[in-house]
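Next come two complexes, and both contain chain A; in the first it sits with chain B, in the second with chain C.
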Partner chain A sequence: MSTAQPMHGQVGWRLLSSRSRRKRITFYLFISPWLIGFVALGAIPLVLGLLTSLTNYDGMDLAHLKFVGLDNYARAFADSEATFTAGRTAVWIAINTPAWLVISFLLALILNQEVRGRGIFRTLYYLPSVIPAVAAMWVWKIFLNDNFGLMAAMADLIRPGTVIPWLTKYALVSVTFVSLWGGLGLGMVVFLAGLQGIPRELEEAAVIDGAHQFQVFRHVTIPLMTPVIFFQLVISLIGGFQTFVLPLLLLGGQRDLAYGSTPPRSIYLYMVYTYHQLFVYQRFGYGTALLWILFTVVLVLTLLVFWTQRYWVYYEVETQGEGR
Partner chain B sequence: MSVRSKGMSLRKLLGLLISYGVLILVTVVLMLPVFWFLLTSVKAESEFVSWPIRVFPAVPQWSNYVKAVTWFPFARHAWNSFFLATTTSILTIITSSLAGFAFARINVPERNKLFRVIIAMLIVPGIVTLIPQFIVYARLKLTNTYWPWILGALSGSPYFIFMFRQFFTGIPRELEDAAEVDGAGPFRIFWQIFLPNSLPVIATAFIFNFNGVWGDWLMPTLYLTDRNTTLAVKLAQGIRNPHAESVFIYTVSMAGCVIFILPMVITFFLAQRHILQGVVTSGLKG
Partner chain C sequence: MKTLSRRDFLRMSALTAAGAALAGCGPAPTPQILKETVEVPVEQTVVVEPTAVPQPTAIPPEELEATIVYMGISDESKRLIDTFSARYPKITAEFVDDDPTRFAAMMAAGNPPDVRSGSSAQIPYMLLRDWLLDLTPYFETSDAAKIDDLALVNNYFRAQDPVHIGDGKIYGMVKDWSPDRCIWINRALFDEAGVEAPEDTGRLTYDEVLDKARKLVKFEGDRLMRFGFSYNTAWTDRFTIFNLMELGKSLYVDEFTRANLVNDEDAQASFRLFFDMAQEKLVASSLVPSPSWSGGEFTAGLTPWAQWGYWFGAFLKDSIPDQVEQGTLYMIPGPTWSGVALNNSIGPFGFVISKATKAPDAAWRLLEWDGALEPAVDRAKTGYGVPGLKSMYQYLPQESAYDQQRYNIMMQEAELATQLIPYNPFVGEFTFNEVWSKYMAQALNGEITFDDMLQKTEEEMNILIKEGVDRL
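And now, the complex of A and B:
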């Protein structure tokens, strides 16, 4: 009985307004921890970060704090390391996102057939996703080790004497691989659920109409999956921009992971650079400016992707009488 | 006619063969590093650094596991991780479920607008708020304490709020109508009807948050010092032999990592259905 009944006269009005006021108070009481947290830990830090980016803040000294206007932003665009790492990030996303989308979609398609042991495969594919980055880094560090890793041994078996420097020269390939290893399960599970939500009748009807398997896939399955693909695309893009713990852990030096060591140039990502500016050089003003540039780019790109929805994402119009 | 049906079944067979081939190949590729990792954890260090490689240890070195937990204060760091992971999970579940209930059941005009804020927060890169938060906490001298975790958890997570709202929306109204007639207020309805009925979501949220905090490397690296940090940070540095000039030992480090990931792997196998369901709920209805 949550809808208010129509009431007559003044008494009714007062009752209604006091009830809706009570309701509103209850609502805000329920959401208050989140709301306070959102303001204190979300909105305020965002603004503070923006303000910091307009200063020369070094993390310690407030006495020498100076307002520098947009200097940090101008500096970022002139900083050849910043633009270089931004370029590497673009390359990284351009490789990682399509690879992840395509492979996890293909795996989901295969597992959506009536294959035996579907549950087992699904479990095994998802398993790497529950392994934290710290452990994943070790798994791959010893596997890809040039001197005594299993990968080196297999390469040597195929062609004796081959040394493939996975963690230096081919770092971009390796990080992509590790990232796929940890992410395919996740992507596959979501795609699989989407595929299972496609009403069988639709595909069967297409077959009866004489469509080939590929035509069914192209004109029935893909359109119906576009909302899921869209969602996965957005998630992957946002994640791609933020990537830095994995290359830092996998490719940085061991002793001072948190500090100076940089990954190989090919996977020297924008966020790694930003992290170093912040915590190695204590350039908080400049570092937060770099962060705000990232934020703006992510925001614009996400909005752009949202805008493209109308051209390729099909949302189901409720036309079927029964069925879910 | 018969030729055609034979051709069809042959094609089907071929398709099935390719499917299984791909599935098995992917399994091998994904599991090979894990297999190597597990084997390394029971090798002698000399076996690990030998070339040509030795795939299997001559004698499994189970003592690596003992070394992993005794060569550095493993228990203390594990406790730090456990404490943070458990406390934040409980707090974030309470806060998020409360907000989720309000968004699902208490209808006020501005509800949808506020909910849109939650959705928007899902796409704000976490790092953009994390760094300014760090600056503030550092100024407040709250680094080197667990407050950043506690306060963060107290404010809930947009992701879990979303999950709870989705679940609560699906709970039939009859249940609460009956309770309302009996004079139960919204809080009692939430506490006595909604929460007990949402154990799967609670479990999922708990596992997600616990794993996230247990495995997190960034926050403890930023906030904590070597003494009070979490297991993840210590293991990222690797385990060294305190009896021999602090030499870094691969095999013992791997044994430590195996223990470190064990809780995650076990809960995954136990609660697989819920975990995958949780992934799907947040993924599909977004």
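And now, the complex of A and C:
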């Protein structure tokens, strides 16, 4: 009787297969929490939202649900208010995004210097980011009230009887300011991390070659920071389109406060309009259609930004087809 | 056996998730089979079968065994659950916070709360969707919640059908209420302004309110220092409906299928009053945002008077006890639009039981407990609202002159709570106000005229109402 002995190659293959299997199992185990979360809290709601957008669902009554096809989408494109709020959102992004990028970058540059107490300043600038949004909006709302707020009282000291309509005529200014106040810290931290990743030798080499500070900044710092700027631009754009809490809480949202939950026209943003469609008018079908349109627009815009990176984003490590 | 690649795994996961999602979008619950016709909207008839109403069980309440869910709105409700469980040890009551999103999710899942404490303004809406259990047999046999002991305001929970509220079957009862048209006066601020404070023995007209508001408002330069009047501006539509009710009219016609503003001079006149108040900066509006709410304006001394009901007196005792002690704060009867005296609750809070409940008897015991037994007595003693049972009025605070005064006015106004605000069953409770305030802000800014504002409000409301009708 002869017993077939495993050949050396077969033993090797089994060992490799066993190791590969373990690695595979480990991989799936590690990604499963995220994957389950993504599927349960991301993918499924997305699909359900899409299905809801094809119905006349009012958020409560499934017994009278009707399939309406693409009517909600057609309605969105014919809806002058939806178009108006989309326009206001574009204006909001055009103002807020560059301001946020530039100011947070400047802050990071300043706080990257070797100055005494910079740790305290970094903390102070970051602090607004950790304050809960609702609490912050309530305080700002009282602070900025046209007649009774702290700003009004301070203006009154300088010129009695002065009213600066922060929450009405200058609503866009107020919202931009409060948004920057709350968001600069986070942007600053990310830019700071990027700045501290720039090899000092490159800057020193440029100085040795005769470059002055601005030239070093322009030809060394900025190019090496473009990946961070790119990242910040993308998240800022996505966040800008989704702006909702700020205008609603600062300028509307309380039932007894005179003007329902509609903010002034200058800051009547797309997401606020969508909120009204969903929870005030109970047009869940139409509201989810608006959300899917927004999702599509944001996706296309993000892809466009990704496509442009080949022209202006520099990576230290060359990756195929990306950056320079 | 071929091992699964990562790519294949992710692909299969996505397919599984999509399948689960589609499975979740299964057929909607089958509507009830219809036998008897009840006319609801003009062009549609919703035929509703008179399903057998659960009859109160003969089982002693202490022996009732069930698990029920109570959706409530305050911490007080959470405490209530504990005391309820002590009385009915075999009934497990779970409390959930009242939240529109959660309620919608529970309804969508076919698992609504057994008992819900909420605004009576939603009764027509819920009735139209056949969500509510007829509680008439329970009230007929209850020793605690007797039908003839129910205050008039409980008629918000009685209905023949969704468009005829006020009598008929009983679908719930009031938890507490207030005659909401009353006005609270700060005599000290009236004196400061040199304006005669109204007494509680008479009833102002809205024209007199406007006249006094114009004298009371205070500016320093362009800066508003004191409002001329304060009221819950989210109730502008409801106050207008009250005004129209005095004339035997309504904001809605054709059984709630149409809003009627543009062709009704009285509706226009009522909205004109509130618009003028806002335009002249007498009240908070989009021109003059309030730093708080109308009640907060009153406690901060930013307004000499605010239109709130009986419950506001208890709030003042807690918020500004010193001023209450000084005796300068008091309540007066609600104003009248045309000379007719009407003063009902804008929308009292109360209890209803879901028709889908699997434990109606246990749910009733919880409703009866909270609405007609010890918790109701305890609530009455706080003075934060008028109880739903007339026999409990005696528990309202009356020791101090302050409490006695507001109690007397409340009792006087309670006799006038004869007509109910007709809430539209086809749209949400606050829909009209949201639409109106959006266009009002544009009109106040001069972007559109007052007439355009009414036109646009009416048009948009009619679109929303039609959607509500078509949905059914």
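Simple rule for what comes next: the second predicted complex is superposed on the first by the 262 of 324 C-alpha atoms of A that agree within 3 Å, B and C clash if a C-alpha of one lies under 4 Å from a C-alpha of the other, contacts with A are read in each partner's own complex, and residues count from 1 in each chain.
Assume a residue touches a chain if its C-beta (ideal position, glycine included) is under 8 Å from a C-beta of that chain, and two chains touch if they have at least 3 such contacts.
These numbers were taken from a predicted model, which means no experiment stands behind them.
Counting the residues of chain A that each partner touches, chain B and chain C differ, and the larger count belongs to B. In the superposition on chain A, contact of A:150 is made with chain B only, not with chain C.
Shared-chain residue A:58: touches chain C; no touch with chain B. Contact with chain B, but none with chain C, is seen for A:110 once the two complexes are overlaid on the shared chain.
When the shared chain is aligned, no partner comes close enough to touch A:217: not chain B, not chain C. When the two complexes are overlaid on their common chain A, residue A:73 makes contact with neither chain B nor chain C. With both structures placed on the common chain, the touch criterion links A:168 to chain C but leaves chain B unconnected. Of the two partner chains placed by the overlay, neither chain B nor chain C lies in contact with A:84. Within the superposed three-chain model, A:281 lies in touch with chain C and out of touch with chain B [touch as defined at top].
In the three-chain superposition model, chain A touches both chain B and chain C at residues 24, 27, 35, 44, 48, 59, 142, 147-149, 152, 156, 254-255, 257-258, 279. Those residues of chain C lying in contact with chain A across their complex are 3, 6, 9-10, 13-14, 17-18, 20-22, 24-25, 28-29, 31, 100-101, 103-104, 107-108, 110, 129, 219-225, 232-234, 278, 283-295, 302, 427-428, 430-431, 433-434, 436-438, 440-442, 445, 447, 464, 467-468, 470-472. Residues of chain A touching chain C in their complex: 21, 24, 27-28, 35, 39, 43-44, 47-48, 51, 56, 58-66, 141-142, 145-149, 152, 156, 160-163, 167-168, 251, 254-262, 264-265, 276, 279-283. Within the complex, the chain B residues that touch chain A are 16, 19-20, 22-23, 26-27, 30-34, 36-37, 40, 48-53, 55, 94-96, 98-99, 101-103, 105-108, 111, 114, 117-118, 121, 123-129, 131-133, 135-136, 138, 151-152, 154-156, 161, 177, 180, 185-187, 190, 211, 214-218, 221-222, 232-233, 235-238, 248, 250, 253-254, 257, 260-261, 264-265, 268-269, 272, 275-276, 279-280, 283-284, 286. Contacts from chain A toward chain B in the complex involve residues 1-2, 20, 23-24, 26-27, 30-31, 33-38, 40-42, 44-46, 48-49, 52, 57, 59, 106-107, 110-111, 113, 115, 121-128, 130-135, 137-140, 142-143, 147-150, 152-153, 156, 181, 184, 186, 189-190, 193-194, 197, 228, 231-232, 234-235, 238, 241-242, 245, 249, 254-255, 257-258, 271, 278-279, 284, 287-288, 291-292, 294-295, 298-299, 302.
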